[in-house]
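Take a look at the following structure, please.
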Amino acid sequence: MSRWLRALAIPVAVVTAWELWAQIFGIPYETLSHPSAIVVSGWTALWDGTILTATLQTFSGALLGLFIGVMIGVVLGIPLGLFPAADAVVGPSLDALRPIPAVALLPLALLIFGFGVRMEALIVAIGCLWPVLLVTITAVRNIDARLLEIGRLLELPGSVRILRIVLPATGGRIFVGIRIAAGISLALAITVEIALNPNGLGYAMVLASQGLDPALLWAELLWVGIIGWAFNRLLLGAERRWLPATIGAVHA
Amino acid sequence: MHKHRLALRFGAALFAIGVVALWQLVAASGVFSKAYFTSPSQTVDALLALQARGELWQPLAGTCLRMAYGWALASVLGIAIGAALAQSDRLRDFVEPTLEFLRPLPASAIIPAAILFLGLTPQMAVAVIAFGSIWPVLLGSYNGFTRIDERIVEVARLHEMPAVAFACKIALPCALPDIFAGLRVNLAIALILAVVVEIQAGLTGLGFNIMIAQRLFRTPELYAGIVLLGAVGFITSRTLLFVERRLLRWRSLGH
Amino acid sequence: MQTSYALSGGGPIHEQIPLSTASATLASLQQPILRTRGVRVAIGHGQDRLVILDSMDIDVKPGEFLCIVGPSGCGKTTLLRLFAGLLLPTEGTVLFDGRPITGPARERAMVFQDYARALLPWRTVWANVALPYEREHVPHRERRDRAYALLERMGLKDFGDYYPGQLSGGMQQRVQIARCLAQEPRILLMDEPFGALDALTRQALQDEITRLAAERETTVVFITHDLEEAIYLGDRVIALGTKPGRIVATVDVRLVRPRHQLSTREDSQFLAHRHHLFGLLVGH
């Protein structure tokens, strides 16, 4: 059996069995729904733009937060990685802050910004900044000391040193951290929407849940899965295209 | 060198105190609105007040227990299913693509579905936490059990080791590092899900408390709740790390 | 063909173990402990079919130290795995004590070249060595004592509580050998066991394995690509040619035991064997 057939075997079997069960034995509408209804519901939602609008909202919150989180993570991480003394002094305080789950700050973000994209971006930024910070510190700390010496010997100004030597020398490791953070950004954005924010895909699922519309809910869940998978693939592809030399480090 | 390290430790303590002091000053100066910025002293007061009113331990226990049950359930199931899936080579081609697809799915996305199908009950909460946090440990277990070095498998065969002995003495220790990597992640997810579920479903717990504090504009209590959640996160992750270091002592030695 | 063990005056007692002429004769008249008959190992089908070993007929005598030498790719590891029971032949039979081999067995212990991968890294050294004892439900105390006895024999008495990852390559290989000895095997199968070690360690272990085998009267089948090692160690050397793997020559080693790294290797008989085998192997 070809690889594709094997990959699809289980999902196809589950979907087919489910559909047959529903058609033959019938399922009460409020509970589970069935594949054909889900497809119809999803298709409609796609066409009338509701899902796409929601996706856009989710992504705007996620990407904004990701950007902020990555910026802070890299900007803080580089000096902490270059100067172990600084890391020793600042590190323990950071370690104390890190266990606070980003979602714990949801009500606070709500107080500050009210509903909307800024509140979502704040939570996403906090969630994304930790992995990026840690990866940056480790990557910068592991730069070959000789490369840094070259920067000092040539008496390059600090900013040039960072742009031309430190960042390229970290290889793709920082990018791997960004890829991980990107996954977190999407998940956190949806989490915020499910908990509080009346925007985006998470909120759409809450509406479907409260509106007792399981078909739409499953369709949206499937859509979220597809989006997450596609987003991850996109980033992997970008990583491979632009940083081919670091493929070995990617899975380290 | 000893002096150097001592100086750094002192510096770290000084820095931490400095940050808290700065926080206190900024709060006192009123630069940020009292509506969303509380000082450290007010946070401590709120914590003590909660404790005095008897509103500290119950929510804390609620969140912790929920998280613990959900995490434990997810871990046991995840390890077992991962091990079972890793048994057969043929099964791999059928199963791996589905697992790869399900991996990026955000754990919290199942909450609306769970509420629809199971209602707003404590059981639903534990189910959500368990189901949502199962993936990292399932994948870790699967990876760990499929990546057993074939050389060690041959050694076991040469010793005519029966299947049960093989599973306990060889397969499990081999898979343990990957399993722990998964456990660390799913612990973090369990905490996040616990908080979100409490906010959504209004169950007794720290998540619910901070939500109420926000609605009633009791910002010091909100900060107190955040600190408590941070403490839960800290203690649970440290405990797991401690257990991991003891069980995997052999990894850090040698070479 | 008998190898006579000369007494080396004043040496440690385990170097003076004589193998009496009578028992040596008896050994050679006994049934071979391992035999292959018409064995062929091939993979793939039709046009892609690759024959790794072809028409191997080998008899291994009990108590002998048999070396199998050949270039890489000649199938010597495959042959050893057949003896171990990790692999079954495509055609032909492999017999142990006259009975066909259907799978691995504790009486046929195998020492791998990649010692780091063959030891359990999460167990201490003594716990690794004690692994074979666990099957017999030997109590903990006794397992530890027996493991430590073996470790002492291998010169690793002080390292019992260390983890394999903390030991050097040579020491790790000794641990693996100790574990194999704990099985109390009748045959020791060794797959280029010293190939990954430095020259000095290799020499020390060569002499040690010879002593151990003689002490316990264990049959050894030793695989190597190093011609000199094969001649130095073996009672008999089988040379394999490549593509497909088949026997090119069998040589009875006419060298006195115990052997010495310096003097034996300069012996004219040693050099004669070396020239003979070199010509045969290069020719194939």
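Every chain is named by a letter (A, B and C) in the order it is written, and numbering of its residues begins at 1.
Criterion: a contact is a pair of C-beta atoms (placed from the backbone, for glycine too) under 8 Å apart; a residue touches a chain by one contact, two chains touch by 3 or more.
Just so we're clear, the structure is a prediction, and the values are computed from it rather than from any experiment.
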{"item": "Any chain that touches chain C and chain A", "value": "B"}
{"item": "Distance-to-centre winner among chains (Cα means, whole assembly as reference)", "value": "B"}
{"item": "Farthest chain relative to chain B (centres taken as mean CA coordinates)", "value": "C"}
{"item": "Chain pair with the greatest number of C-beta contact pairs", "value": "A-B"}
{"item": "Chain centre separation (chain A, chain C; CA means) in Å", "value": "55"}
{"item": "Between chain C and chain B, distance of the C-alpha-averaged centres to the nearest whole Å", "value": "51"}
{"item": "Separation of mean Cα positions, chain B and chain A [Å, integer]", "value": "18"}
{"item": "Numbers and ranges of chain B residues touching at least 2 other chains", "value": "none"}
{"item": "Chain B contact footprint on chain A (complex, rising order)", "value": "3, 6-11, 31-32, 85, 88-93, 96-97, 99-108, 110-112, 183, 186-188, 190-191, 194-196, 202, 205-206, 208-209, 212, 214, 217-218, 221, 224-225, 228-229, 231-232"}
{"item": "Contact footprint of chain B on chain C as seen in their complex", "value": "84, 86, 103-106, 108-110, 112, 114, 117-118, 120-123, 131-132, 134-135, 163-167, 183"}
{"item": "Residues of chain B that touch chain A when the two form their complex", "value": "8-9, 11-16, 19, 35-36, 93-98, 100-102, 104-113, 115-117, 188, 191-192, 195-196, 199-200, 206-207, 210-211, 213-214, 217, 219, 222-223, 225-226, 229-234, 237"}
{"item": "Of chain B, residues touching chain C in the complex", "value": "149, 151-152, 154-155, 157-161, 165, 169-170, 173-174, 176, 248-251, 253-255"}
